[in-house]
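The two complexes that follow have chain A in common; it is paired with chain B in the first and with chain C in the second.
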Partner chain A sequence: MELLQINDLKIQFPSRRGTVDAVKGVTLTVKPGEVLGVVGESGAGKSTIGNAVIGLLEPPGRVAGGDVYLKGEQINNLDRDAIRKIRGRRIGMIFQDPLTSLDPLQTIEQQLVETIDLHLKLGAEKSLERAIDLLDQVGIPNPAERIKHYPHQFSGGMRQRVVIALALCAEPEVIIADEPTTALDVSIQAQILELMRRLCREKQVGMLIITHDMGVIADITDRVAVMYRGDLVEEGTTQKILGDPDHPYTKSLISAVPRPDVRLHRFPMVDYIEKEEDRKKDFDISTHWLGQAQDFDAVEGSLVSVENLVMKFISKEALLKKNRQYFTAVDNVSFDIRQGEVFGLVGESGSGKSTVARMICGLYKPASGSVNFGGTDLTKIKSETELDYYRRQMQMIFQDPFSSLNGRMKVMDIVAEPIRFHKLASSNQEVETIVLDLLEHVGLGRAAALRYPHEFSGGQRQRISIARALATRPRFLICDEPTSALDVSIQAQILNLLKDLQEELGLTMLFISHDLPVIRQMCDRVGVMKMGQLVEVSETETLFEAPSAPYTKELLSLMPKLDKLSHSGLEIED
Partner chain B sequence: MVSFLFKRLIQSFIVMFTVALIAFSMFRFVGDPINNMVGQDTTQEQREELREQLGLNDPFVVQFLRFAGNAVVGDFGISYKFKVPVSEMIAERMPATLELAFVSAVLALVVGIPLGVYTALRRNGVISKMVMTMSLFGVSLPTFLIGILLILFFGVVLRWLPTFGRGDVVDLGFWTTGFLTKSGILSLILPSITLALFQMTLIMRLVRAEMLEVLRTDFVKFAKARGLPDRSVHFKHALKNTLVPVITITGLQLGSLIAFAIITESVFQWPGMGLMFIQAIADVDIPIMAAYLVLIAFFFVVINMIVDILYYAVDPRLRTSDGS
Partner chain C sequence: MEKAVETTRLERFLDSDIWHSFKSNPVAIVSLIVTLIMVLSSAFAPLLAPQDPFDLANIDIMDSSLPPSWMAEGDPRFLFGTDDQGRDILSTIMYGAQISLIVGFASVVFSMVVGISLGLISGYAGGRVDAFIMRVADIQLSFPAILIALLIDGVARGIFEAHLHEQISIYVLIFAIGISGWVQYARTVRGSTLVEKNKEYVQAARVIGIRPITILHRHILPNVMGPVMVIATIHLAIAVITEATLSFLGVGVPPTTPSLGTLIRIGNEYLFSGEWWITIFPGAALLILVLAVNLLGDWLRDAMNPKLR
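So, the complex of A and B:
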C-alpha cells in the first residue's frame, strides 16, 4: 500500500486580481523507505504541496480539490485538532533555514522534550533520555551536554541536525523536507543528505523532498516529480528523469544545470520559461559609447594584484585595546588577476572570499597589505577625487538582487546615476540614450527604464544590476555570487549574459561563488579559499582535473554527482 | 557583560552630569536667587552679606561642584518659598507619585499585553477591530481631557469615586501609603487610569505588531508543523519572543510615567512631585525645580540600567556571545 498518496490536489490563492492556481491537479505517491523528489523553480507550487499535506497552508491559500491519504486514511478533510495530531506524530516536516527554524529563547532540551512528551507521553525523564539519544543518532557529538545549549550556540549544519531530530522525534511515517540543505555549505549538505537517506532506509520512512537543486535530486531521490507553474509535467525514476527526460521543460531545466565535468562555451537551451529576450544587436558595440576607447592607461600583464591582504574583525569588544579579540577573516592573501581574464574565488561560507572583494573595491579597509590596480596601490591613495578615478574602473554586482537596488528609484535613474556621478556624458539626453541602449543590451528592453525595481523578477533585477555596473564603462567587474539567489534556468541566462559581455567588452572579472560547477563554467583561473587563507591558485581546468591542495580535493569530492544527467542528448536539439 | 555594564555606568554618569549642569544653570541664569529669597526692605549690605554667605560670589565651577556634591548626598538646598529643605519636601511627596506611577504601570502592562496578544491572534475578529479602534482614542486624546471626562462621569454624574487628592494615607515612618485605606485605594483609581491609558494603548499596539511579526517566523511555523498545540505555540514560543523588544519600550515608558505624571497630578490635585513641580514653576522656586529635574533623570537612568540587565536575563544570545 502507498504510504502517502496525493490525488489530483488543487491549491488556489484567491486575490483581488483573481484566483491564482498554485497547484493544478497533482498526483503523487510515496512508498515506505522511498525518497520522492519534487523539483521545480520558484513559483512552481512545490512548497505549497508540502504545506497543504499537513494542513498548514498560509491563508488565503486553500485546497480547492483532491484528496490526501496517509496509509489509506484520508487526512485532508480532518478538523484542526485531528490534523494537528498527525503533524509531528505521523508526518514530520523539515524546513529550509535551520537558522530560523528553532525558537531562539529556548534550549534544545526544552524544545525536544516538549515535542517528545507531547507525542509519546513519556514523562519528562524518559523524554530527555530519548532526546539525547536522538541527538546522538543525528550525529551531534557530546549530546548530553549539548542538549543544554541554545540554538545560536550551534552552527548551521548542527542546527539542521537538531531540526531533523525534532522532526523525527515521534518516529513519523512520512517526512516532508522543504529545501532541507539549500542554506548549507556543500560539505554540510553532503552530510545532511547522507543522514536523511540513512534514516529513511533504517526506519522505512517515506520522504517527500522538495528542492530546486538537481544535485540534491541526483544525490538522494529514488523517484522525481518535475513541477512547472503548478503542473506536474513529468514523473519517473531519478535515472529516467535525469538521464532521458521527455518533457521539454525538464530538458531545459537539466541543460541549465552547470556541469561540473566539462566547460561549455554557453548554456545550450535555457529559454523554456521566459524566452531570453532577443538581445537586439542593432548597434556595433565596438563603435558605441559602451565600447569606445576607455580613457584608462593600458596595462601589461596583471590588472589587479593583491599582496598579503589581511582583514580582521573585532570578535570580542573590550574597553582596553589589548583585551580585544580579533577574528582574522582574510589572512595574508595574494593573487594576480590578468588583464581580460575571469578569475574565480571559491570557498565555503565564512572563508573570506567576499571580504577580499570588498577590500579590492574599497568597501573595507584592509588591516594590512596592498591592492594594486593597474600598477597603483589603492590603499595608499588618500584623495577622494583620485580614488573616484579608480572606482569608476571597477564595478560590483552583488548577490541579492532584491536589496541591491533602491526600490524608490526608477530603473532609468538607477542606471543613470553612475554616469551622472562620474560625468561621463555631456547632456542629459545623451545619458538617457546610453541607459536605454544598456537596458536593451542586457536583454531587458527599453520599456524597463520607466518602471521600478519591484516590478521585476530576480533574474531581471540582476540584469539591471549588470546594466548599472556597466554604466561607468568599467574594465574590472567584481561579481559576488551574482546568481546564487536565482533559479537554475535564470542563472544560466545571467551567466550567458556575463560571458557575452565579458567577451564583447574585454572585461576583466573577479567572480566569486561557492558553487564549483558555476566556477568551472565561468572562470579562466581559480583561487580556493579556506578560513581566510588562499590554499590554491591554478588554471580552472587544472584545478578540476588535478587539484593539488587537499582541501580542493575534498571540495571537489563533495560536488553533487551529476553523472546521471545526460547532457549529450540535449545539445543536439539546440 | 562586565565591560558592557561599565560602559553603561559611564554613559549614565555623563547623562547625570549633563542634567545636573542644566539644573544648576537655572540658579545662575533664571533670575537672581537673592531677590527671590529676601523681602523688599532688605538693604543692599544685607543682600551682599547673604550673597557672600551662600557662596554665590564663588566662580561658576566651584559653585557647580558644590551643587553636584550636595546633590549626590540628596541635599538640594532650601526651598525659596517654603523655607524647608527640598529633600524633605521631595521625601514627603515622592511616595504619592511613585504609588500612582506603579499602579499605572501595572495597569498598562496587565491590560496592554493581553490585549495586544489577543488582537494579534484574532486579527480579523470583531472584538479585535473594536479594541483597535478604541485604542486610537487612547493614543490621540490628551491626558488632561481624559482625566476631566473621567472626573465628570464617575465623580460628578455617578458620584462613585473621589475626584481629587489621595484620600486617607497611612504613615509608615519612611513612606506614606494610600494602599492601606479604602479611600486611598478609591482615590487611586481615576488618576491611575488616566495616567495608564496612553501607555496601555501604546504597549498594546507594540505587542500586537511584534506578535504578528513573530507569528510569521519560521520557528513558529516549525513548532506548528511539529504538532504543538496552539496554546504552546502562542504563549510559550511566540509571546516570549515578542516580549524581548517590548521590554525596552516598556522600560522607557515607565520612566515617562513618573515624569509625565505632572498633568495627571494637576488634574486630580494629586499631592505628588509633579504637582509640587508645577507650583514651583509658578513660584520660580528654583531649588525644587532643579531637584525635580535631577531626580527624574536619575529615575530614567536607573530604569534603563535595569532594562539592559533584563535583556541579558531574557535573551540567551546576549548572555553567551561574550563567552564563545
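So, the complex of A and C:
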C-alpha cells in the first residue's frame, strides 16, 4: 500500500474572468522513506497540490475532482476538524519562509512543547525532553539552552531547522515541504537538504518536496514529477528525468538550467513557456541609433575602477554624530572593469555586492574611496548637470521586475523617460520611433508600447527594464541579480538576451548574482565577496577550476551538483 | 502576443476590480446615488428650488411658520413647511447644502494639497526636514480640530473689520477647516512615500538622473494616491460636519448666506415653541449627506485594501 496516494486530482480557482484549472488531473504516490520531488515553474500548480492535500487551499480554490489517500484512508473529503487532526499530526509541513512559519512572540520551547503535547499527549516533562531531542536531531547545537530562545535569535538556516523539528515533532508519516530552501543561502541549503534526506530515511517518512530548483531536485529526490500548467507531463526516477527526459517541456526545462561545470554559448530550446518575439538581428550597429553615442570620450584599459570603497550604514541612530553606531556593509573594496568585459560579483546575501553596484551608479554615497569612470572620479563631482553626462553612460537593471517599473505609466513612457530627460532625440516622434525600435530589440514587439506593466509577465517586464536601461545608449550596464526573481526557462531567455546585447553593442557589464552557475555562464572575470570584503578576483575559468581563496572553494563545494543533467542539445564553449 | 489594443481610461476602469466591487455592493451604490442627488440638487438649487429664499420679493411674511405640507395646517407649496420669515424650508436646505458642500470640498482640497506636499517632502527628504514636519503634525494633533478652526476664525475676526470679515468669512472657514485636517494626509502620504521611495522604479529614475521634484510628482505621487482618496472621502464628511458645527456655534458663514449648520441653529430657537420642522429637516439633510459620504468612504477603503476583503 502506498503511503500517500493522489488520484486524478483536479483543482479549480473560479474567478470573475472564468474558472482557472490550476491542477488538471494529477496522480502521484509517495512510499515510506521516499522523497518525491514536484518540479515546475510558476503557475504550474505544484504548490496548489501540496495545499490541497493538507486542506489549506486558499479560497476561492476548490478540489473539483479526484481523491487523496493517506495509508489507504481517504482524506480529501474530511471536514475541517478531522483534517486539522491529520495536519501536523500525520502530515508535517515545511514552508518556504522560516521567518513567518514561527510565532515571533513565543519561545521555541513553547511552540515545540505545545505541539508535541497536543498531538502525542506526553505531558509537559516528556514533551520537553522530546523537543530537546528533536532539536538535537536537526543539528541545533546546545539544544537544552537554545530551546529557551525566541525565533529572532536564530539565523535563517537555524530557524528552518527549528521548522523542520516542528514538522517532525508529532512523528508524521508524510512531510510536505514547499520550497523549503528557497529563502536560504546556498551554504545553508545544502545542509538543510542533507538533514531532510537523512531524517526521511531514518524515520521512514514519505516526503513530497515542491520546488522550482533543479539543484534541490538533483540533491535530494528519489523520483520526480514534472508539472507544466496544471498537467503532470512526466514522472520517473530522478536519474531518468534529469539524464534522459522524454517530454519536450522537461527537455527544455533541463536545458535552461545554468550549468556549474561547463560554459554554454547560449541556452538552447528555451521558448517553451513564453515565446520571444522575433528580434531584429541583422542590423548595422554603426548606423543604428544605439550606436550613435559619439560624444563619449574614448577610454583605454579599464572603463570603471573602484578604489578602497567603504560604505557604512547607521545601525543605531543618535542625535550626536559621535554616539552613532555604524555597520560596515562594504569594506575597502577595489577592482577594475575593463572596457568590453563582463565582470561578475558573487557572494551570499548581505555580502555587500548590491551596495557596491549602488555606489558605482550613485544611489549611495560611499563613506570613503573613489569610483572612477573613464578616469574621472565620480564621487568628487558635485554638479548634477555634470553628473548627467556620466549617468547617461551607465545604466542599471534591477532584480525585481515587479517593483522596478512604475505601474502608473505606459511602457512607452517608461522607456521614453531617459531619452526625454537626456534630450537624446529632437522630436517626440523620434522618441517614439526609438522606443518602438528598442522594444523590438529586446524581443518584446512594438505592440507592448501601448500597454501597462501589469499586463506583462516577470520575464517580459525584465525586458522592459532592459529596454529602459538601453535607452540612454549606455556603454556600461550594471545588472543586479537580473534573473533571480525569474523562472529558469525565462532566466535562460533573459541571459541569452543580455549576452546578445553585450556582444552586439560592445557593452561593458557589471553582473551581480548569488548564483555561481549563472556567473559562470555570463562573466569573463569574477570577484567574490564575503561580508563586505572582496576575497578574490580571477578569470571565470580560473575561479571555477582552480579557486585560490578558501571561501571561494567553500562556495564552489556547496554548488548543487548537476552532473546528472542531460547534456543533449547544448553548445558547450571551450 | 496579442494585437496592439490601446485601452481607453474608461475601458480600463470598467474592467477594474474597483468597479466590480462597486457593482456588487448595494450600500455603495445607494450611497453614491444619495450623494449625487444631494450634490446635484444643491449645485442646481437656483433652477430646482421651488423658491429663492434670499430674494425678499419672493417671501411673504403671511406664510411664516407653516408646518410641512402633509400636516393639517400645511400648505402644498411648502413641502417641508416654512420658517419664521415665510421661507420655504426645502429651498433653504438646497441653498444651505450648497454652502456646506462648497466649504467641505474646498477645505478637503486645501488639506490635500498641503498634506500631500508636506507628506511627500517629509517622506522623501527624511532626516531633519522629516522630523520637523512630523513634530509640527504631532503638536497640531494634540489640539482638537474644532479648536484650531475656532482659533483661526477668532484671529481673522480680530484682524479684519466686521463688514470685510463677513465678505471673506467663507474663505476664512475653508482655510480654518482645511488647515486643521492636513495632518492625516501628510502622515499617510509620508508612510507610503517611505515605502515607494525604496522601490526599484524610483531607484531606476534616480540612476537615469531624474531630479527629486520630478520623481516626486511623476513617480511617487500617482502611487500614493490610493489611500489619499479614501481619506479624502471620509474627510469630506468630517469637513461638512465641522462647518456645520462652527456655523451652529455662530462663527461660521454669516446668517445672510446660511449653510446647513446655520439653518439648524436658527431652527433650534424655535424647537421649544413647537416649530420642529425648521431645525429637524436641515438636520436630517446633514445626517443623510454625511452618512452617505461616510459609507462611500468605508466601501472605498475596503475595496482598496485587499487584506480586509
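We adopt the following convention: the second predicted complex is superposed on the first by the 551 of 574 C-alpha atoms of A that agree within 3 Å, B and C clash if a C-alpha of one lies under 4 Å from a C-alpha of the other, contacts with A are read in each partner's own complex, and residues count from 1 in each chain.
One rule holds for everything that comes next: a residue touches a chain if its C-beta (ideal position, glycine included) is under 8 Å from a C-beta of that chain, and two chains touch if they have at least 3 such contacts.
All figures in this text were calculated on a predicted structure; none of them were measured in a lab.
K.L.:
Chain B versus chain C on the shared chain A, clash or fit?
P.N.:
Aligned on chain A, chain B and chain C fit with no clash.
K.L.:
Looking at A:Arg16 after the superposition, I want to know if it touches chain B, chain C, both of them or none. Which is it: first, second, both, neither?
P.N.:
second
K.L.:
Touch test for A:Leu405: chain B only (first), chain C only (second), both, or neither?
P.N.:
Touch partner of A:Leu405: chain C, not chain B.
K.L.:
Quick check for you: in the superposed arrangement, does A:Val431 touch first (chain B), second (chain C), both or neither?
P.N.:
neither
K.L.:
Please state, to the nearest 10 degrees, the angle that the Cα centres of chain B and chain C subtend at the Cα centre of chain A after superposition.
P.N.:
After fitting both complexes on chain A, the angle is 30 degrees.
K.L.:
For A:Pro418, using the defined touch cut-off, is the partner it touches chain B, chain C, both, or neither? Pick first, second, both or neither.
P.N.:
After superposition on chain A, A:Pro418 lies in contact with chain C alone.
K.L.:
In the superposed arrangement, does A:Cys361 touch chain B (first), chain C (second), both or neither?
P.N.:
Only chain C is touched by A:Cys361; chain B is not.
K.L.:
Check whether A:Ala448 is in contact with chain B, with chain C, with both or with neither, and answer first, second, both or neither.
P.N.:
Second partner only, chain C.
K.L.:
Looking at the overlay, what does A:Asp103 touch: chain B (first), chain C (second), both, or neither?
P.N.:
Only chain B is touched by A:Asp103; chain C is not.
K.L.:
Return first, second, both or neither, reflecting whether A:Leu534 touches chain B, chain C, both chains, or no partner chain.
P.N.:
It touches nothing on chain B or chain C.
K.L.:
With both complexes superposed on chain A, which partner does A:Asp388 reach: first (chain B), second (chain C), both or neither?
P.N.:
second
K.L.:
Nearest approach of chain B to chain C by C-alpha atoms in the superposition, in Å, rounded to an integer.
P.N.:
The answer for the closest chain B-chain C C-alpha pair is 5 Å.
K.L.:
Taking the stated contact definition, name every residue in chain A that is touched by chain B in one complex and by chain C in the other, in rising order.
P.N.:
none
K.L.:
Mind listing the chain A positions that touch chain C in their complex?
P.N.:
Those in contact with chain C are residues 16, 277, 358, 361-363, 384, 387-388, 391-392, 394-396, 398-400, 403-409, 417-418, 421-422, 444-450, 465, 468, 472.
K.L.:
How about chain A: which of its residues touch chain B in the complex?
P.N.:
For chain A paired with chain B, touching residues are 54, 56, 84-89, 92-93, 95-97, 100-107, 114-115, 118-119, 150, 152-153, 163, 166-167, 170, 316-319.
K.L.:
In the complex, go through chain B and note every residue touching chain A.
P.N.:
Chain B residues touching chain A: 3, 6-7, 217-219, 221-229, 232, 236-237, 240-241, 244, 314-317, 320, 322, 324.
K.L.:
For the complex, give me every residue of chain C touching chain A.
P.N.:
The touching residues are 1-6, 20, 199-201, 203-211, 218-219, 222-223.
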